[in-house]
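In the two assemblies presented below, chain A is common to both, partnered first by chain B and then by chain C.
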Partner chain A sequence: MKKRLPTIFLMILFAILMLNGYGVQRFPKPEFESGYLQPETLQPTSRAEILGMLDVIVLAVSMAVVTWLVLKKRSRTGVFWASLFSLAYFGFYRQGCICSIGAIQNITLAIFDSSYGLPLTAIAFFILPLIATLFFGRTFCAGVCPFGAIQDLVSFKPQKLGTRLNTVLGLIPYIYLGLAILYAATKSDFIICRYDPFVGIFRFNASFGMFIFAGTLLVSGIFIARPYCRFLCPYGVLLNWISRFSWKHMTITPTTCIQCRLCEDSCPYDAIDMPVTDKNPESRSTTIRKLILICFLVPFLTVLGGWTISRMHETLAGVNGKVSLARTLLQPEKPTDQPEQVEVTAFKSSGIPAARVYAEASVVLKHFYIGSWVLGCFLGLAFGLTLAFRMVTTYQPDYTPNKGTCYSCARCVDYCPVGGNELTPDKT
Partner chain B sequence: MPAATADCLTVAGSLKQTGTALTGHCKKPKQLMEDPGNNQKINRRRFLAAGVRGSVLLGIGGVAALVVKNSAAGQMVWQLNPAKCIQCGRCATNCVMSPSAVKCVHVYAMCGYCDLCGGYFKPETKTLNTGAENQLCPTSAIKRKFVEDPFFEYTIDEPLCIGCGKCVKGCSSFGNGSLQLQVRHDRCQNCNHCSIARNCPADAFSRVPAGEPYLLRQVADDKKA
Partner chain C sequence: MTRSIFPYDSGNTQKIVSLLRYIAIASAISAMILCLLIAVNFIQVRRADPLNTQVMKVMIERMHANPADQQLRQEIREIDLLSRKAFFTTQWQIRTGGYLLFFSLLISVICIKSIELLGKSTPGVPAALKADFWITRKTGRKWVVYTGISVVIFSFVLVILTHQELGTSLDMAIKDPGNKEMSEYGNTRIREYKNTGIKEQGNADTVQQQDTVKIAAATNMDGYPSMQEITGNFPSFRGPGGNGIAFQKNIPSSWDGKSGKNIKWKTAIPLPGYNSPIIWNDRVFITGASETKREVYCIDLNTGKILWQKDVGKIPGSPSQEPKTIRETGFCAPTMTTDGRRVYAIFANGDLIALDFDGNQVWTKNLGMPQNHYGHSSSLIMYRDLLIIQYDQRGSGSVMALYGKTGEKAWQASRSVKISWASPVIVNTGKRTELILAADPIIASYNPADGKDLWQMNCISGEVGPSVAYADGVVFAVNDFSKLSAIAIGDPPKLLWEDSDYLSDIPSPLATGKFLFLVTSYGTVVCYDAKNGTKYWEQEFETPTYASPILAEGRVYLLDKKGIMHIFPADQVYKATGQPALGEGSSCTPAFADGKIILRGDKNLYCIGK
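And now, the complex of A and B:
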């Protein structure tokens, strides 16, 4: 007992010291005698919230103006100036954030993470263009989206790519959209923002890799008009599908197509559907055979896609921070000269048990398994439907803009010789 | 069929103007009007399109209703929690801004006004003066000013600060922890997904309401005691 006494005494002393330590600074604040006034710690605030509402108003007004310019005024010049304004405001002034394309991820995160506080501006930026497109076609792409505007400026010598190439490259946005939603839903990453090519240009501070990416897009954009919009933009997938059912859509001719073929080469985006007026339509048996093929092919591709991508769910999950931390922690420690990874150091100093990280990572992996099935099925369905649309021949008499891929830029309008306001032949 | 005739005349008129002779195509609108099957088809297609349009509108409304429960009244901004920060130095290199929007912030209320400041001087400094060789800060962004014996005031020259966190590490190891890294919102672009947050090894970054955009520690926590 006597031997233990000093130990107990020391422990009590230590406990008192510890208690004292709480809330007390290592070096107490001095009591100044010279009348020194302690300065305030400045806390500059962020951009005023009212300006966020202003962005939404500017978005709504510019969409209304562009829609009016395209559908009513049928003025390419007007759309051009409107797109310059959008480039200046949403691009260089607002520096590309928040944008409708990136808002997909905010919305997805809000659906899957109840703790995430979704700004109202993000909801507005996501939903307003979708509604406008549902009624008037993709006028948002024509003159409001700063990404479209900057690419539109450089498309000097647009070349035709041909239907096949357009269809194949047009599948990339589905992959991008699917991955973006998967990563946002699993709280892993915002890949649309991470690989946003133009935001670095708007901010004049692109990293080398992103500068090369943006440069490639803009230089190739001279010959392939709007490469990002057509072959990457994930928001474009939504707009494309919604626009197909739009209430009013811009037309090439104000009244009736006269098949003069003048507009045939006017579209830089290959978005004009040529007339298909076959006098001898394909036989009934061919049509039935095609229908049966489609009915088997689409579900098959859907399941095949789901199965294939679900095989890759562990690779896809590597992006998630928790999964990668768990993997690093699980790695057998090798006696190397390399210093410990800073993630591991941070984790050790945080005092969280490793078992919790493993448990969390396995939950994330499960989410990725389900998510990759959904992603795969979605991609399979998209590929299958694209194939199906390629097989089906749609008969139509006139030159019309393809409601899905047309950006309503109104270039073709200038090529149409049919006057809009003439009601009688005498009135000129 | 007055409408079709008028159309044909318009077409013919405009063709005359452009000098193209493709009058044969004038038959087309007439055909469309006369063919009842074709007409029906268009109606059916229109009906279907209207149906789909309605359901898409419902779908958009559904998504909006789903997310509106999460909607924050105001903007969210990024901020780092000094209690979690391990001063790894990535704030200086991973921000989209150059120099970084993360800066060292001095909470004067916590400062001990030490002569031997762990945030100002390099560990093995012999003489406590403002010589460049003594300073921990790589950009000399901390200004040391004599107040009264033996106290010194330290202020951050924010335009010079690159947010490397070297001084923060020094202050929290040897001092009161009054130097803390914070996202300065006059510089922060408030990216949708913060580039530093993605690379932060300590998971110190989070979205906070724009109304209270700072997470400064005002008193020493138990870790420092």
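And now, the complex of A and C:
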């Protein structure tokens, strides 16, 4: 039963992901007859530039400190306290915005829409963690990202998930990343922000759906360490790729591994690669055949993915406001108990001809067609390369952190008896 | 196996750990309770709709009925304020609960982390070796493939379920921005909101050019008929404008269905229906329907031959379930209408069809299943090139206008009314043309060109069946268990007089400049002075009557349910001109052509002529 707990939690978690929280403006503005004038709607002023710079400085300093704690001090406790600071600053003080995860969308939108003014802070939050990762691995995830910090805090009884679940769920972030980029590039929506589970907690204003979603993530996080980071985070995909090429990644042992196996179960994220010294039991010819197959399979999967997802472009485009409005206008109107959609009411009162909506929607639809081809190719390639990487084996004699999936949290460091962590003799 | 680095060798440490454990458990329990309360609060907020409670609705209805009641107004405001306060209090509770939950969890986490620190134990070597690397690798590959296949299958299922050829329909809509052509895909139809005024102006020229030319079958499918054409025909329920007045001449006043006297022809109607005939030139149109079949019939006015009958069939978007109606209403109670170019019919399931004069389908549409416990019965009417539909259903009253040529919506106005079985009436007040509708609780007037509200008066209640009558700037509205009201049109409208001695629940009243004739469904006819409500006479025929009276050549024609036509002059004194019998029961209102009356009996259609 205990072994099944993580699976059960994951099932609940993803069932909740399917729920759509929605808000209803139940209270219309009062209709005053006494000449009262409704106050003008005010937009909140943007954060002062100097404070934005302060955020960037705090980010840079935090990453430097965490990197130092991981690589030099090799201190799990230090990383823990640093993550608490990040949670307090980037989470509760800055209320989860701006964050590196959401910055993906700002960058994408800026690339596809020249009129969009990209804040420097967004660029910094997007780029700095990537650069730091390229040099030192995912120390950003270890102690700077508030999302990781809040999940790490509740990870009391982490359980192993097994190869199947890790493999299947580990593919979700690619889909999420692809969709987030597609919707940002087509100026449709910032889905990472819309479905951000923790911002509602940081701001104490979560909608019911998001409250349940975040609660489920955190409760499941007791048994499944960092479920969001591992199975949803789109930024994690980028960090994973870059970290594979990191210049100086954290190691479990500071000197030579003595093969004591103490660290084998230390990683709650299944991110420690076991030593591979045995020869592949498959014959050489079989392996070569499989490799050739993979060489053909990767481009095939890329095209298949593109073709498959491109069939869905109309469905995907439904999120776009213009397409949604055009679709509503094209549908035969049926009197129902439901009030008219506010978008339709707004459109009617705008005096804009429907032909313009159709034309704009048509353009967006074409963008979605191209975008969904790209998305599908990306997903096909991701699946293909995941398969390919599982064909290629690097023989290694020691327990090493997987550079892609390791969050550099330094938990395993505490388990290594080499280099100053020798066990205190048992007094009993 | 693991061993403790900091064993609980000290009694103090053990006590601290024990205390922390209790605090953690207590905090966790309080967090769970808070979580539950917040969830309940959320659900409460979501389900509650305080501004739309039954009490509020009743009060607002009362307010509509009596707008001058200041005390009631104040009460509504107080309830409104209380509802808003309750809402914001709940919001405050959720927010405060959120803070408490946060601090409970924080305490719990701090305690657990402290216990971990105090009870930190040394790592142990796993008892068993991990699964073989190569097997794990293989399993991983297998599951990548499974996931990929699942994604592809999921994508295709989603495509099948949601694909709508949206791109194609958008392209068609863009190519035809003026919506001159109908464009269809799947179950949807392209339509556009338009400025009706511009289009109407453009067509006015066309109409003037056509002027009085009567067309045997509409060859010019654009435009709309002139007033002369309209009054020369009988294009809708209760004649031109739905006002109960026929402009035809040489109308017969004696016949006998049994002997065949003055019966020009008699034609059996394949399917039953309570809709009344309409006439355009030499063609008569009616509909018939059963629970599963709906048909439109075109009959030659001169011979009675069914020229064509159109099976309406399955219209895209039509509900799969048949409508629930009562026997007295049936499945095709609404009368058709025509603009001389096309004929239009609506059925009890909301199916709407436009046909040309040769029976070819021009467009179809389903307006959604009418939420109507007796069955939809409001007849159609034309205003210029607009097809007007009164669609007052349970919970969603509305009136809409569709372009006759394409079925696209020109305008729609939502109405805060209950279900109505009455039909729209179009009148010309001399200053403007008005579309007048009756439904509990209002008589409401709209500009038929754009649906703009002109005026309304709260003076009717109950299940409204009779349509209004109009003459000389006065609208007459009546309903059973309500009252008869005479409303002088103006800004604002003025209630001239009221009476409640005789009321009608089905037949509509008939107004001339001087008189108002009210017919009850139990067969009593009452004549009032239209200006002041003075009762001139009442006549009890003692036979149930569902048909509405029609004025033709100064005489009132009223058909009772037994098929006897009561003909009497529209005068201050009742005097029977004749009571010819059809020989067959009828619930339908007669239609008139020059020298002819078309009567729909329970089973047959009759043409009476001299």
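One rule holds for everything that comes next: the second predicted complex is superposed on the first by the 360 of 428 C-alpha atoms of A that agree within 3 Å, B and C clash if a C-alpha of one lies under 4 Å from a C-alpha of the other, contacts with A are read in each partner's own complex, and residues count from 1 in each chain.
Simple rule for what comes next: contacts are C-beta pairs under 8 Å (C-beta built on N, C-alpha and C of every residue); 3 or more make two chains touch, one makes a residue touch a chain.
As the structure is a prediction and not an experimental result, all values here were calculated from the model.
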A:292 touches, of chain B and chain C: first, second, both or neither? neither
Which of chain B and chain C A:278 touches, first, second, both or neither: second
Chain B versus chain C as contact partner of A:331, first or second or both or neither: second
Chain B versus chain C as contact partner of A:260, first or second or both or neither: both
Touched partner set for A:61, first chain B, second chain C, both or neither: neither
Contacts of A:308 with chain B and chain C, given as first, second, both or neither: second
Chain B versus chain C as contact partner of A:116, first or second or both or neither: first
On chain A, the residue positions that both chain B and chain C contact, one per complex: 24, 26-28, 30, 205, 260, 423-424, 426, 428
Touching residues on chain A, where the partner in the complex is chain C: 24, 26-28, 30, 153-154, 156, 163-164, 166-168, 171, 175, 201, 204-206, 208, 211-212, 215, 260-266, 274, 276, 278, 280-282, 301, 304, 308-309, 311-312, 314-315, 317-318, 323, 326-327, 329-337, 340, 348, 353-355, 358-359, 361-362, 365-366, 369, 379, 383, 386-387, 390-391, 393, 414-415, 423-424, 426-428
In the complex with chain A, residue positions of chain C that touch it: 3, 5, 7, 9, 35, 38-39, 42-43, 46, 49, 51, 80, 84, 87, 95, 98-99, 102, 109, 112-113, 116, 122-126, 130-131, 133-134, 136-137, 139-141, 143-148, 151-152, 155-156, 158-159, 162-167, 169-171, 173-174, 177, 187-193, 317, 350, 365-368, 391, 393, 395-396, 398, 409, 412, 414
Of all residues in chain B, those that touch chain A in their complex: 6-7, 9-18, 20, 22, 25, 28-29, 32, 49, 52-53, 56-57, 60, 63-64, 66-77, 84, 86, 88, 90, 96-98, 105-114, 147-148, 151, 153, 155, 175-176, 184-186, 188-193, 195, 198, 201-203, 207, 209-210, 213-214, 216, 219-220, 222, 224-225
Complex interface listing, chain A residues touching chain B: 18, 21-30, 32-34, 36, 38-41, 43-47, 49, 52, 95, 97-98, 102, 105-107, 110-111, 113-114, 116-121, 123, 127, 130-131, 134, 189-190, 193-194, 199-200, 203, 205, 242, 245-247, 255-256, 258-260, 321, 341-343, 345-347, 349-350, 397, 417-419, 422-426, 428
